[in-house]
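Structure record follows, encoded as structure tokens.
Chain lettering (A, B, C, D and E) follows the sequence in which the chains are written, and residue indices restart at 1 in each chain.
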Amino acid sequence: MASTACFIIVSRNDIPIYEAEVGSAVKKEEAAHQHQFILHAALDIVQDLAWTTSAMFLKAVDRFNDLVVSVYVTAGHTRLMLLHDSRNEDGIKSFFQEVHELYIKILLNPLYLPGSRITSSHFDTKVRALARKYL
Amino acid sequence: MEPDVSIESGCMIRVAVLPIGPIPQSKLRDYVSILVRHNKVELSAISSFYTEDQKSPFANQPWDTGSLRFKFNVGWSPLSPWEDFQSNRKILAVIGICDCPSSPDLDVVGEQFAVACKGYTSSLVQRCFAFCPGEDQLEDGGKKGNNLVLFPPADQQTQEFHLLTMMQDIAASLLMEFEKWVLRAESAGTILKTPLDSQTSLSSEEVIKAKKRRLGRAQKTIGDYCLLAGSPVDANAHYSTAIELARLTGDFFWYAGALEGSVCALLIDRMGEKDPVLEDEVKYRYNSVILHYRKAFMQDNAQRVSTLGFELEATLKLARFLCRAEHAKEVVELLMTAADGAKSLIDASDRLILYVEIARLFGTLGYQRKAAFFSRQVAQLYLQQDDCWAAISAMQVLAMTTKAYRVQSRATSSKSLSSSNENGLSHADIGKMQPQSVVSLFESQWSTLQMVVLREILLSSVRAGDPLAAWSAAARLLRSYYPLITPAGQSGLASALINSAERLPSGTRCADPALPFVRLHSFPLHPLQMDIVKRNPGREEWWLGSAPSGPFIYTPFSKGETIDSSKQEFVWIVGEPVQVLVELANPCGFDLMVESIYLSVHSGNFDAFPIHVSLPPNSAKVIPLSGMPTSVGPVTIPGCIVHCFGVITEHLFRDVDNLLLGAAQGLVLSDPFRSCGSPTLRNISVPNISVVPPLPLLVSHVVGGDGAAILYEGEIRDVCISLANAGSVPIEQAHISISGKNQDSVISIADETLQSSLPLKPGAEVTLPVTIRAWQLGLVDPDNAGGKSASGNVGRLSRDGSSPMMVIHYAGPSCESGDTTTSSSTVPPGRRLVVPLHVCVLHGLSFVKARLLSMEIPAHVSETLPKFVHKENSSTEEFAGSKTDCLVKIDPYRGSWGLRLLELELSNPTDVTFDISVSVQLESPKNDDNPTLIDRDAADFGYPKTRIDRDYSARVLIPLEHFKLPVLDGSYFMKDSQADDASNSKSSISEKNLKAELNASIKNLISRIKVKWQSGRNSAGELNIKDATQAALQSSVMDILLPDPLTFGFKLSKNDMGPKTQIDSPNESNSQVNYIACKGSISAHDMTPMEVLVRNNTKEKIQMNLSITCRDVAGENCIEGNKATVLWAGVLSGINLEVPPLGDIKHCFSLYFLVPGEYTLVAAALIDDADDILRARARTDSPDEPIFCRGPPFHVRVIGTA
Amino acid sequence: MVGREVSESCVDSMIIEMVSSYCDRFCSAKPELAARRIEAIGYQVGLQLSERYTMERPRFSDHLEAIKFICKDFWSELFKKQIDNLKTNHRGTFVLQDNRFRWLTRMSIDPSETNANTSDDPSVATTESKSAQSASMHLYFPCGIIRGALTNLGIPCAVSADMSNLPACSFVVRIKA
Amino acid sequence: MAPLAPRTGDAVFANVERVNAELFTLTYGAIVRQLLTDLEEVEEVNKQLDQMGYNIGIRLIDEFLAKSNVSRCVDFKETADVIAKVGLKMFLGVTASVTNWDVDGTSCSLVLEDNPLVDFVELPDTCQGLYYCNILSGVIRGALEMVSMKTEVTWVRDMLRGDDAYELRLKLLKQVPEEYPYKDDE
Amino acid sequence: MQFFGGSDISPSPPVATGSGSNGHMMYVFNRNGICLLYREWNRPLRTLSSQQDHKLMFGLLFSLKSFTAKMDPTSVDKGNLGVPQLPGQGCSFHSFRTNTFKLSFMESPSGIKIILVTNPKTGDLRESLKYIYNLYVEYVVKNPLYSPGTPIKCELFNTSLDQYVKNLA
């Protein structure tokens, strides 16, 4: 399992609607912040990349120091972003795919306003489980 | 590493620019700015200064197209250890800048300059530019050495020109120096040292290697000089040899250097061209440059020095070269590798430079977030070295990132802010805004990052000693992210705010509001006393037909679209204070002191009154903010000005509205108001408020205390209300109306007194009495039962809506009342005063029941028919009694007193006594075809008072005879028929309105009976018995209202039997009123002539068969019925008569009595072929049933002896 | 996900009722407002469905692809048939025509009115336009769906519809530049 | 001519035109969401949903009668069963069980384990007190009224509120015979 | 009796034996006695105002139903004569025949009454009425523009109805 992994979902409006530190390493707030800064910065690159390919899984698009940003862009341009130090691309891919399914379930909830924060605890636990499974 | 390097920087001649002597910063800036313009000098321009004393090594120098480029380093610039490797790193010239006014002694200047130049061993040319010299300086400046150049004061242009020539001179001499250097190098060779090979002890083979390499390096350096000399072609030639040699000698570092040079040369040569081939070439070469620098790094042990700097610089150079959207991918890749390099950089400042460069490049690429990221890295590096300057630069760098992280201060981002507000406002009903668009309002709520950035800004600005920036940062942090901050952290921020405020001059304003949150709560209604009413000049009742322009009523329940209606027209008045309710919330864990808060009005015609508020932790408060309009015009209230934490800020309602909206959608962290436990309001928008010129203002008070008047039911009381004009304008028109419950209990208002007192000048006062009759209390109304709890009731009653209200519409002068054509806007509005007439009604005398009594009392036969007499105080008791000839009323034709009495039973539950007085008002009959009735003119019958003690009850009798109608008429019969049986219906319509008529006549009957009461000295009233009476009378109304078709009267006829004509002519009867010689007795044993008088009360002629019966009487009830004990009876019958309509006839007959005693005469008639009217009156419907009409009994007293 | 189905008339009657309540009850006074609401409802549905149906497929790299997706897969998921005809001016305007749009198959406008508007009696003419208006109200929903779907696929656009010859219906998509 | 027996819910459902339930679910969801935005008070939303349901019921009843050969809805017990087994099946593809009859047979419960309206739905805290499926009660009420049964339909259990099933309480208020609408004397 | 349902959702129209249009007219009433539809194909003689006509027709059915119910020898639960019934309650008639015409009648439990007047020789029309009821559901009830309880003005319905009745036995 990846020692560091920070997973966020960014809505079409560039709002993070879900954030989770799913790394095995002990969490330090500083680090966590830094992770988010990196992911935020990576959006610029994702933005350009997204239209150049039709694949949802964009693999590693950005890095800073030894941390890599892998991104998965849904058709609705919701971005699943993972900051990680592992190189297990397949694991990451399947992680993304399964999270995507979860996300769609959330999105189909009529009372969930697309683009707003995902508060469902059920979703959170599921995601963390997937992280343990694949990362 | 060096900042701002590009591929071209290889050809730039580095010039140190040094301030000599004291120079004011501003001046230095000016001088430098004009100097640095000349960073490029055309070769063609310098030929005049150039002298070729020997063959120039720059064989193919492009004299016509080429140019020399300069790079000015202002201030002391350190010598680079790599000068030999890249000649453009050498300081090749020094230019001093001196401001003559501030350093008068030019000699000193000269010396200082000389000293300064010492440092720059590599400099080939030195000049000192002395600006604006004085006269004396000018003249002795001449004889100084030629490296002091004086710029005599002159206009801009000449100065420019002068400076240009000087630069050309410098350029020329530099060029010549370069030539010298190159020639020398070519002939003698040169020693080139770089930190890489500065080992003191060279092992033998190294020495050999070094020898081998020297040539190539020399070539490379010559190439550099060619570049500097602006001759790319020559440079290229040298470089290519250098490259070749370097490759052979495996001198990677210099290989890379030469390659770099060659690319530079290439670009200079192909200046301005942008063909892809070139680009690819550059890319290709530079990649190998980078590669070789890395190689050099590999093979060399990097402890002491590393070539990493060069590798990174090269990378950045390439990136900068490619930095365009179409190359984004590559550039990003380059920059990422560059960034990777950072951690292996030894020197912190190098890392700083690297990050700055990367940030810049991302910025130019349009990757704002990336740029922001690296800028922040830079900022952090700055913050690591904690000195003020570093902090300042950190602050500046962070300031640049705020846009990307969306934490801009309002001050900077006012534009974007306003746009977002447009977004907010464009939806009239923001509550109904489509969620999708709402989201866009709260884009990138990336709180984690934003908080970190704000914290860093706060930190840096505190260190940098910029209190305002610190304050604003803390404010933004606290306001936007309080839910994510621990109470401790919150109060920390609070103190940060206060501390930075202490360093600020008082009254400082900041664009970013801190706490509290302020939202518009409501516009309180005008107190009813101050309502403003639009005046529509068109009509007499100007207040009608136009909805009141105020108050602005806020309804929390308004559904769906009605929110638009909250955008109302709303009128304020110059000089009359107004209030607006706002709600403040302090969602934080500390006590919040708002030094002052007041409405911010941009339209400038409003004085807002500041107030002081303190909010405990996690609390919300609704407070009234008041102010006074000062001049006519529209008023806009975007928000409040708040003075809190020592700084003045403006809090816009709109922002909070948007915030709440976001919270409702779950897009914002939390709703500060809800978290303070205050309910959610629908956000109300500020109405269009317009201020109008002063209006009159009427204020009222009830004379003798405003408390409710305590009255018994039905009590009548005058209340005096005094009205005063508290306004500054006279009241010219006023109109009073009554509204509310129990309106009819107001009997009269002295409107005329008000009207007469108009116009009511400011300050003037008028009192008008209002007469009130206390209404009946609902029987089920326990809590005002009895007067016991009267005082308690006052409050209650005046609260509940049962009291009527007096509404006064009034207005000042209408500017031009003459023409109603002027639109109502020009007419100043009027106002409305509502005066509740507080009445507390107590249960008074209560009415138990009413019933109808009837009796008949025989009359006595006499010469005359019994007359209608009435005595004043004839009491009810007397009815039964002896004085038969002075009766209340008697029908002359009927001759006896069929009495119908209404009995009212009253009870007195109160603890005071009541005096009851009944009065019956008579009307003069209308129909003239019955003159005899005229003497019954309108008069009130008074009956003696009845006193009812507390908790007692009493009966009151009211005779109804007065109401008998004179004529039995078809129309009435119709009514009867209705009254009798409304069941059968042929024409329902006429049926209805006949019923109506009947009821009407009953009503008017009833209305003429009044039961007044009096209690104590000053409370008197009237008992409301209408309904009860009506109920009582309804059944037998016919008998009360209608006369019999025939009435009979007996009298003793005079001895002269001449028929007495028209006995009943008015004058006659009047005359007869005087002499009543009622010897109402006849003696036995003699023939007594009598006459019976039959009167026809119908409008039809009546055929009849009259019969007269005479019986003796024993006891009262003898007239009929089985109890009658008849001793003797005589009947006279079979008299056929015909009576003309409304006429009467006499029939004479005689009686002869044998036995004295009391006898009774009764006349009866069988009416032949009676018409419907009679039948109906007789309540029969079978057509053949005989109609029998019996007169009342008459008494005859027979005296004498048997 | 669940492959469950419900009776078609559930959806139909729900939509009918939704439209009529917004037109006659909530925003009776303001038809344009009702239209906005109905469209918004469609928008959300479109948004969600598109995300749902694009799950297993690669993302679209250009507009035409996305539109095609709407015409083919998306439409068949909704109506068990594809759009019959797609036209475009290659400048961001697309016309999607469904020759037998399910939600209009049972819609028939009062014949008396239709021939009324031939006779130039203003009163009936107005009634006719009124019924036409109420008919068009039913199209805001599908328009919203299309817009929502496309927006979700990163293509902000405006969608209008025309039903001049029932039960055919054509939707015009204008992509915001 | 022998009367056809009323058809089973499955038979009818097999025959009717069917559509993808997601469209249905999401459409309904979107409506609810819009109502929440427009009406703001949850109570009001419940009311409106019920009203909409009622109107729908009025329409649906005829289709139901036409397609299932249900010929008489006179007995309340029978009718409740028909709703549970045929009606719900025919439209929503689910069946309910009828339980908790009271003594005089005028009120009972329809219990649904599953219900296409609520696929994917999770009630956020902002919607406390919302009867998400309230439209259903309205439909039943409306339909029954068309077959002359005035009823009162209320939610007893709701899985969205954490109960273990969806339970609707049907209470028969009265059966209204059809009146002769014309006056004699005209 | 009961009403008989086609086994399909929109059953194929029962085969029309014989030929030539012998449908005279058709009425559709709803449970409130409002005449939603009056359609006539061949009615030589018209004596009454349409309003009167509808009233009479409804009255006829109303009383006929209560009579039949009253006369029903099988059932026990009989209200008094004229006491209104629930639709579908008790027994009911489905057609009667005079020497000049035949009237076929069906009533749905929801109180929709379809009356078809044809020439006396026509056979059993219960299937056809059922079919027409289905048409009503498909084209009237499901027409988004139709609001329940109002007179029917639907092209689709009228056309399909006409052509169905045209070739009715």
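Convention: a residue touches a chain if its C-beta (ideal position, glycine included) is under 8 Å from a C-beta of that chain, and two chains touch if they have at least 3 such contacts.
What you see is a predicted model, and the numbers here were worked out from it, not measured in a lab.
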Worksheet item: Higher C-beta contact count, A-D or D-E?
Response: D-E
Worksheet item: Which chain has the mean of its C-alpha atoms lying nearest to the mean of all protein C-alpha atoms shown?
Response: B
Item to complete: Find the geometric centre of each of subunit C and subunit E from their Cα atoms only, then give the gap between the two centres in Å, rounded to an integer.
Response: 37
Discussion item. So the centre of each chain is just the mean of its C-alpha atoms; given that, what is the distance between subunit B and subunit E in Å?
Written reply: 60
Fill in: subunit C and subunit D: spacing of chain centres that average the CA atoms, whole Å
28
Discussion item. Just the number, please: Cα centre separation of subunit A and subunit E in whole Å.
Written reply: 65
Worksheet item: Among the residues of subunit A, which ones contact at least 2 other chains?
Response: 105, 108, 110, 113-114, 119
Worksheet entry | Residues of subunit D engaged with two or more neighbouring chains | 16-17, 22, 26, 28-30, 33, 38, 59, 63, 119, 124
Discussion item. Residues touching two or more other chains, restricted to subunit B: which are they?
Written reply: 435-436, 560, 666
Discussion item. Could you list, by residue number, the parts of subunit E that touch subunit D in their complex?
Written reply: 1-5, 7-9, 31-34, 55, 58-59, 62, 83-89, 108-112, 124, 126, 130, 133-134, 136-137, 141-142, 148
Item to complete: Could you please specify the touching residues of subunit B with respect to subunit A in the complex?
Response: 328-329, 332, 336, 339-340, 343, 362, 367-370, 372-373, 376, 405, 435-436, 439-440, 442-446, 448-449, 452, 665-667
Fill in: subunit C to subunit A touching residues, read off their complex
1, 44, 47-48, 50-52, 54-55, 57-61, 65, 152-154
Worksheet item: Which of the residues in subunit D come into contact with subunit C in the complex?
Response: 13, 16-24, 26-31, 33-34, 38, 48, 51-52, 55-56, 59-60, 63, 90-93, 116, 119, 135
Fill in: Contact footprint of subunit C on subunit E as seen in their complex
138-139, 142-145, 147, 153-158
